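Presented below is the structure to which this report refers.
As written, the chains take the letters A, B and C, and residue 1 is the first residue of each chain.
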């Protein structure tokens, strides 16, 4: 067992900040590579013309998920030290809905907004200003929403734990869903493109 | 539409699966190195907390929400893992943009809306996103990607809610994008 | 349009690899959650020899009085014994549950038991599981009682011994113990009442700045 390195005391907090910066560079780099600094490409997901958001997100999730699974299998990664944030099911679902609204109205999410700003997009800058306003509003309203915010806690729970199924089975199902989604998504893109062409001709 | 790259034509985006693979490897590296994943909204919250603290320190310290991000005063709240990570995101995006000739001072919008309209929507959307991200304890980077990879129940529920919410409103927003 | 075809094949190949890994995960089922341990005998012997793994009761009492909280104190005894008395700030964790207690490998962890046998055994197990900051309380609870709670003044003390004893009396009172002077010889069979296992009040001077210090959010998003 050697990983996660930080939790094994391999380096301290200051080095971790430098690593955060480097990891962030990688994150931003690939986001831009995928074209996620562009609100139109991001929004296209929700009109079925370009499902890159789904493809990129799920490829990333599946890659990391498989990596974590296999690394813990060979005993390199200590799963018990991997951070899993506690679940508060209702506020997270409601927050997700609101975030989804914000996504299709604003065209970005916080990470992609950062990439959009660094490639010069004004709408990304305005979007980020909005995010800051939203966080501020939430902070000011916190005493009122506090109860809802902390409601329905489920603690730290993963899908295998919740469904009482083996970890590997869930991984397999997620992979199957991803592959199905990719194939289906590609078909949908072609269908929508063909229909658009048909409508234009 | 000022084009900083002086006419160099922007290269096409990468194959989404390759980009996703790269993203996934960065996420995996983060887990292997730090035992935690990525994030974005947390860094912005730290920024807001510091801002509020600068303008109205008494209020910031008594506010349960902001006080948590300001810590106990022994450490600068901006010396935070997520803050440094998000700074890296800016840099990484810039590097990729420069290499691909995609840096352009402009506003992304559909053909059927004015720039002003687009910017208004951008602000409104951002505000909603800020609220949603705090309620859900994360955004797509922190919850969906990061939590999704470790099969966190809340993260998966969140992710489905995000797609659901966005699709719900897509019809009403079509003028902005198409 | 020749270009899309090589791209499609690439995607198909990626999809195939993905599928294989997924099936592999299905077959594996549950990766073992670290059920084997590794030992470095040379390193461990060196540590034991030089006693760098020990924390004395004086040091621990000093840290508690000063309000230091950069360590975790683990009491390995049974729940009943813990309830009767424990060193303030200690967490009660039995040996088998130690691995799942959420202790970080770069945290300072101090183990104690009644004497020192269980803590020593636990120390080895933790060290083998790559915990870097694990320490033993030398002498365990017995030493704590003798030195901290019930310090004894020798019957004919020297000036230096008397001075040291005064300090020990302060420490003992802080923890709710009762210093013993040599005048009253201990009768065999008489049990000394253990102080209530409550956290001693934080010293007024030099405590952390006002109110409850808010812990900075760690690892959240």
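The definition used in the following text is that a residue touches a chain if its C-beta (ideal position, glycine included) is under 8 Å from a C-beta of that chain, and two chains touch if they have at least 3 such contacts.
Keep in mind that this is a model prediction, so the values were computed, not measured.
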{"item": "Contact graph of the chains (line, ring, star, complete, other)", "value": "complete"}
{"item": "Comparison of B-C and A-C by number of C-beta pairs in contact, larger one", "value": "A-C"}
{"item": "Inter-centroid spacing, subunit B versus subunit A (mean Cα positions, whole Å)", "value": "10"}
{"item": "Approximate Å spacing (C-alpha centroids) for the pair subunit B, subunit C", "value": "39"}
{"item": "Cα-centroid distance, subunit A relative to subunit C, in whole angstrom", "value": "37"}
{"item": "Numbers and ranges of subunit C residues touching at least 2 other chains", "value": "11, 219-221"}
{"item": "Residues of subunit A engaged with two or more neighbouring chains", "value": "6-7, 62, 81, 83, 85, 167, 171, 174, 182"}
{"item": "Multi-partner residues of subunit B (each touching 2 or more other chains)", "value": "17, 21, 36, 40-41, 81-82, 137-139, 141, 143"}
{"item": "Subunit B residues touching subunit A - in the complex, by the definition given at the top", "value": "4, 13-14, 16-17, 19-38, 40-41, 44-45, 47-49, 51-52, 63-66, 79, 81-97, 100, 102-110, 118-119, 121-141, 143-145, 147-170, 173-174, 176-178"}
{"item": "List of subunit C residues in touch with subunit B within their complex", "value": "7, 10-11, 14, 208-209, 213-217, 219-221"}
{"item": "Subunit C-touching residues of subunit B, taken from the complex the two chains share", "value": "15, 17, 21, 36, 39-42, 67-73, 75, 77, 80-82, 137-139, 141-143, 146"}
{"item": "Touch list for subunit C against partner subunit A, complex", "value": "11, 15, 18-19, 21-34, 36, 99-100, 104-106, 129-130, 132-133, 219-221"}
{"item": "In the complex, subunit A residues that touch subunit C", "value": "1, 6-9, 62, 66, 69-70, 72-73, 75, 78-81, 83, 85, 166-169, 171-172, 174-176, 178-179, 182-183"}
